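See structure below.
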Amino acid sequence: MDGAGRRMYELMRELYPLCRSITGDGVRATLRTIAARIPLELHEVPSGTRVLDWTVPEEWNIRDAYIATGDGRRVVDFQSCNLHVVSYSEPVRATMTLDDLRPRLHTDPRDPDWIPYRTSYYTRSWGFCVSRRQLDSLRPGVYDVVVDSTLEPGALTYGECYLPGEGETEVLLTTHVCHPSLANDNLSGIALLAELGAALAKRPRRHSYRLLFIPGTIGSIVWLARNEDKLSAIIAGLVVACVGDAGPLTYKRSRRGDALIDRAGGYVVGRSGGRVLDFVPWGWDERQFNSPGFDLPVGCLARSLEGEFPGYHSSADDLASIRPDCLEESLRAALAIVEVVEQDGVYLNLSPKGEPQLGRRGLYRSTGGDAPDDDQLALLWVLNQSDGRHSLLEIAERSRLPFATIRRAADALLDAGLLAQAT
Amino acid sequence: MDGAGRRMYELMRELYPLCRSITGDGVRATLRTIAARIPLELHEVPSGTRVLDWTVPEEWNIRDAYIATGDGRRVVDFQSCNLHVVSYSEPVRATMTLDDLRPRLHTDPRDPDWIPYRTSYYTRSWGFCVSRRQLDSLRPGVYDVVVDSTLEPGALTYGECYLPGEGETEVLLTTHVCHPSLANDNLSGIALLAELGAALAKRPRRHSYRLLFIPGTIGSIVWLARNEDKLSAIIAGLVVACVGDAGPLTYKRSRRGDALIDRAGGYVVGRSGGRVLDFVPWGWDERQFNSPGFDLPVGCLARSLEGEFPGYHSSADDLASIRPDCLEESLRAALAIVEVVEQDGVYLNLSPKGEPQLGRRGLYRSTGGDAPDDDQLALLWVLNQSDGRHSLLEIAERSRLPFATIRRAADALLDAGLLAQAT
Amino acid sequence: MDGAGRRMYELMRELYPLCRSITGDGVRATLRTIAARIPLELHEVPSGTRVLDWTVPEEWNIRDAYIATGDGRRVVDFQSCNLHVVSYSEPVRATMTLDDLRPRLHTDPRDPDWIPYRTSYYTRSWGFCVSRRQLDSLRPGVYDVVVDSTLEPGALTYGECYLPGEGETEVLLTTHVCHPSLANDNLSGIALLAELGAALAKRPRRHSYRLLFIPGTIGSIVWLARNEDKLSAIIAGLVVACVGDAGPLTYKRSRRGDALIDRAGGYVVGRSGGRVLDFVPWGWDERQFNSPGFDLPVGCLARSLEGEFPGYHSSADDLASIRPDCLEESLRAALAIVEVVEQDGVYLNLSPKGEPQLGRRGLYRSTGGDAPDDDQLALLWVLNQSDGRHSLLEIAERSRLPFATIRRAADALLDAGLLAQAT
């Protein structure tokens, strides 16, 4: 993998300081960094645009924010950690008592040192997130409170990388880009998708690939609203998120449950010893892709799911919790899933009555009596099951032989004229 | 539950001394006692009436029965326990040696102190049931044997309580009333059904409810024969029996196995930690309702099944083996099943493309970043699965959220105009 | 079973010395021995005949073979063990150094004393099989090498025993006869099929039975090529092999997986505590019968499968590894499977509304209150499930009652006019 884990980690480190949200310059800067690696087109969708049941919100940008004592000492400072400000906080410049301020201060019940991550996208409000220890150390009295933000008509920005393939079929790969300095959720997903895009750009592609770097929820809703004509071409999709921690590799099925992506994801992650879970209607953007009106075959690749790792949605989700080897294993799984989606197919045995004589075609060793090896078993499996109803992946599942072995057997049989693509 | 367990137990105590059988005054007295609690109509079906493959038998009544020594000492006495006489014994007045009498004396191989329960409904005969200890204490010699019974044309009596609902659909609830002084089998079922009827009479009802207090086998056959025109309205049914012992709460599926009642019964009993069993063609009146020519969606609610509790069909099935708290738990399960049958439904998400924006409708909290609670998850589940193919109960099963939570979410979404009843 | 295990073992002993292959006089002698026991017709198919994708090979016969030192001492001798010669070795008469000879010598990596079994049917070649110890004892030097065989146009021989039944339906039973002195693989299968044929010949038969004694692979291909018009009558089939060792009784399903033979085989072997396995496209002639162009309902009855027992395909598969009691258990299983295939059927309850009154027809005891026995439960099961959709075997599976008990109940109900054959 030529140091891909390390490379993804470095990209995460580069993007970590940026203050992202569902709109704003943090997202734009993030996307431009990715665009230096893969052919990414940035889309700007104006505030106020109606998208499905939603409206694109105003754009939020922030320069500074703090709570300071009368003598100017900052006791809470956005400059030290961008989680300190509730995302989408409206501009504030006020002097307040601690008692008046207290309802605006969010802490994390899980750990006294963690700063929680909070948002208020669709209700105009403002607030600060602090550790319980910070809160406890605040003396009664009067504080200067400043949120130097703008919340105004602007645009929602997302990035799209389209890699055309041989045919009409399309694979959708997405990740959310709306979180500020949170590492696993979801700089890990961003880094993996960028690396995956770079790998896909270099290889021949049977299917087209569309990679979306989008703000969570509203981003997928925007994209779906603007691209309904493209949905019928999507044969498989994957939401990638939280792929850098030490949790078990996890594939979460699409709502359909038995789509190609589900078989491919289940096969790859299952064989690697990971978890394969049924669809549930929460998590990340798979919620939107799998809403009943779209019902797209989009699964999810992750390690720990939302809420499962200790520092989830807090300052404890930092770069120290990321393991480059886990990032790399996640990437390998994504590539293996893509490989199955590229290579799977349904075939017809052209000599279906009895086994064809493989030996005469050089496909079977000439001395008999010994146990067959995996390659020979794979030939027999493909011949036996290729009646137009079983895909190579299904044959791999049933035979418990590696997909690559089954694919190789199919290629040998195609070369020998014993197999044809089913129509 | 306002003392329902205690109330059911008291009703059992009141009914315990009566000598019931499949016909006769013991059944009438039992039904009149129930009619004091719920609107019960008594039906009388004349002996000789042809019902399906059967004929209503002659009516049996008994005043006294005994085996006495020459000096008039009763060594077996119906007055002390009505199980002593084989049910449906024809009248006898004879003097016999012990050797001649012996083939008429039934004992219980399970325990030397138990008097077994035996019947001879459809073959004219007579006999006594005694404990092994009683039998062993009988000295050789001559005995006076008296069964002061009548077995003559009369009627079969059953009770029917009809509680009309809003629509055409009907729920059938039945229990057998043919056993003499046996507590769990089946005064417990009688008491539960009476209490359930009282509760149903007080509440609004989407479906109509028909409660049958019937003699076992012949009673359901009589009712089915006379009510074939009503069967198509039955959407669910439950046979209730043996619900007062300490055995595990048990739901036994209908022959169909996947009817609404099976999902409701399986859901309620499964969540309570009880047993959910497949249909088998023995047990109680579910045998008749589930015969292939009717194949009604009628399950069974019980605790120990027939044969499972130690004193089954013997004098050991007395009031001491009944636990009011278990009776009450059984009643709660029956009510919960009814609740699901009342409240289940299939809906259509009216905003099926992407998730609708719940926050703007006041259905989702405005601050994001925190874990969703059950109510929020329930909204997402109902929206995601309401494509006209999944009922709320199925959504509850799949999501593992309580049915009531799912129902509440559906109601909120109906109020918000996001959901409609599927047609 | 009147000593059937011992009888099969004696037949194996009689056939053990013969040098069989896929053609030749060893097979003919084997089939003639069987023809003395059951009405077996021998078929001769000329070399060069095209059969499906294959061609019938030349006929191979061997009189002698050896490797001898210069002074005439045989260091490897076909006369002491016919496995010493690679089957289908072409004639050789040469003087060679050990170094030149070595590539022609096959050993068995599993054990230093085993002589492996090797073949070269479709590539003209020759070779010897020796134990590792033999090989190690050979001194460098010059050896006389002789294979006194013929490999010339002739015929492929197979045996067919047809036992007509009442109707048009047919059951196919096959075993392979191509192995030289190997006991479990497959003199055991040959002996079992001969004994099974003798038993079938004596009994009334609803179905016809066709028993094939065929060389592996090419034999089934030959038979299939010549009998395509007969295939549609085959309702069930069984390949029998490796049935004499102490391994667990094993049923391997047909490719269809749910054919009558699969239910019967799974039922019989499952109840006996044996293994029931899914189809895999290797093993014996089931590979050909289950090729997708035929897809016949043919399963496999065995104990240890190919490769599973220690001495598989070596001189260690000798008569000492055979247990007559295991042979007999295998035969009993085959007969029980045949019995189910003969006796299974689908029926209609002619009194489907409620239970019919069995007591009045003498089918139910007159005294009630006691637990029902298996015969009574079987009557209720058959009545309840006989709606034209469930076979007796399915009822036996579901009720967990023995098939024979269910069959007996169905017969009693047929006699009572309560049941009719479904059409």
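Each chain gets a letter, A, B and C, in the order it is written, and its residues are counted from 1.
Quick note on the criterion: contacts are C-beta pairs under 8 Å (C-beta built on N, C-alpha and C of every residue); 3 or more make two chains touch, one makes a residue touch a chain.
These numbers come from a predicted model, not from an experiment.
At the interface between chain A and chain C, under half of the residue numbers involved are used by both copies, so each side presents largely different positions.
Per the C-alpha superposition, chain A sits rotated 120 degrees relative to chain B, a value rounded to a multiple of 5.
If you average the Cα atoms of chain A and of chain C, the two centres end up 54 Å apart.
Contact with two or more other chains is made by no residue of chain A.
Against chain A, in their complex, chain C makes its touches with residues 52-54, 86, 106, 116-123, 125, 127, 217, 220-221, 224-225, 255, 280-282, 287-288, 290-295, 307, 313.
Residues of chain B touching chain A in their complex: 349, 351-357, 359-360, 366-372, 377, 380-381, 383-387, 399.
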